[in-house]
Amino acid sequence: MRLSTRNQLTGRVTEVTVGAVMATVKVRLDGGEQVVTASITKEAVEELGLAPGVAATVLVKSTEVMLGVE
Amino acid sequence: MRLSTRNQLTGRVTEVTVGAVMATVKVRLDGGEQVVTASITKEAVEELGLAPGVAATVLVKSTEVMLGVE
Amino acid sequence: MRLSTRNQLTGRVTEVTVGAVMATVKVRLDGGEQVVTASITKEAVEELGLAPGVAATVLVKSTEVMLGVE
Amino acid sequence: MRLSTRNQLTGRVTEVTVGAVMATVKVRLDGGEQVVTASITKEAVEELGLAPGVAATVLVKSTEVMLGVE
Amino acid sequence: MRLSTRNQLTGRVTEVTVGAVMATVKVRLDGGEQVVTASITKEAVEELGLAPGVAATVLVKSTEVMLGVE
Amino acid sequence: MRLSTRNQLTGRVTEVTVGAVMATVKVRLDGGEQVVTASITKEAVEELGLAPGVAATVLVKSTEVMLGVE
């Protein structure tokens, strides 16, 4: 399926922390040292088998992105 | 100001397209070839002086991040 | 690609309105009369070839969903 | 109160899972078999009395909706 | 309808700017000088009759709120 | 850092509730009695030292703001 979602960055999971209904997953982006944190449902973590070392794509809708300048 | 926003990725603006009230800004992330698109207000583009070549930080709240696996 | 995105509803595009940088797309959900409106970039509309009659999946992250009761 | 929120879909709660501060609620949409998952605060679940069988409206801002095509 | 949406702040519209599909609306919050900007669809502006002087409630889901400290 | 984020409201933390991975923080806005609830990560609460009495800025992207009228 092709998505309208503008931002699709490739990386690899480095850390997963699971709570009662939510979880946080950290992904190191390919080609750099930058890390992205995702807050998703525990259900999604289990369904996708997310664990350290798994290759994952980070998706963010463009309307969710803010910019800052010094 | 320190922010609760988990995702703060550094990069440089490559393209700005301005509409009547909204604008899209493309930022190439440092340390890689990955590009992020932001849909922000025209007002913010003008206030921040966003234009190709300007260094910018991409900010995304962790609850806005989705993950995909092959 | 399997997605963490909890909500993936099938439907068919009924209307597309394009602005300078943003667009609105209306999708009638399968199995009912309910219609969903998406505000996405003009760029995504063009890339995906969205037009009336096209089958489309509506995706919404669960953290974006609110509930109301009478 | 009339809302700017474009998407207001009617349905019925089928499942509620409550954590320490967050909760997930599943709602089956009327006129079909499609189910929506909402991640909302535990506080909201208690205030609204959300439980299986309760009629509920699913609300989503149009800027939060993504589209996919095969 | 009672909403799960945690943030419902009362105020009054001070400015409306309409584009092809999107619009920005500024609302001064009651009991202070703080102003909120909303980016909503042109369609919603028309349906709700939003114009300077109109009393309006600002709604924001708690998962969309970030915090900063000096 | 100057931000594209349109909404930056000043206030003071009144309550913090921490779960396994998420937390809710309540902030009373300056110049009024209105309170904002933020759902952010536990990690952010700890990093920023959020606790009752701490001055905090509430940040919300304009695309996340909805409006209601009676």
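Miscellaneous remarks
Order of writing sets the chain letters: A, B, C, D, E and F. Residues in each chain are counted from 1.
Note that contacts are C-beta pairs under 8 Å (C-beta built on N, C-alpha and C of every residue); 3 or more make two chains touch, one makes a residue touch a chain.
Predicted model, so just to flag it, every value in this text is computed and none were measured.
Two chain pairs, D-E and E-F, are weighed by contacting C-beta pairs, with E-F ahead.
When the contact pairs of A-F are matched by residue number against C-D, A-C or B-C, over half are shared only with B-C. In this assembly, the C-alpha centroid of chain B lies 29 Å from the C-alpha centroid of chain D. Rounded to whole angstrom, the centroid-to-centroid distance between chain A and chain B, based on C-alpha atoms, equals 16 Å. Chain A and chain D have CA centres that are 23 Å apart.
Contact of a single residue of chain C with at least two other chains is seen at positions 1-6, 19-20, 22, 24, 37-41, 43-44, 48, 50, 57, 59, 61-64, 66-70.
Under the contact rule stated at the top, the pairs of chains that touch are A-B, A-C, A-D, A-F, B-C, B-E, B-F, C-D, C-E, D-E, D-F, E-F. Partner chain C is touched in their complex by these residues of chain E: 1-5, 19-22, 41, 43, 61, 63. Taken in their complex, chain F has these residues touching chain D: 17-20, 22-24, 37, 39, 63-64, 66-70. Within the complex formed with chain A, the residues of chain C that make contact are 1-6, 38-41, 43-45, 47-48, 50, 57, 59, 61-63. Against chain E, the residues of chain F that register as touching in their complex are 5-10, 24-25, 27, 29-34, 36-40, 44, 48-50, 54-70.
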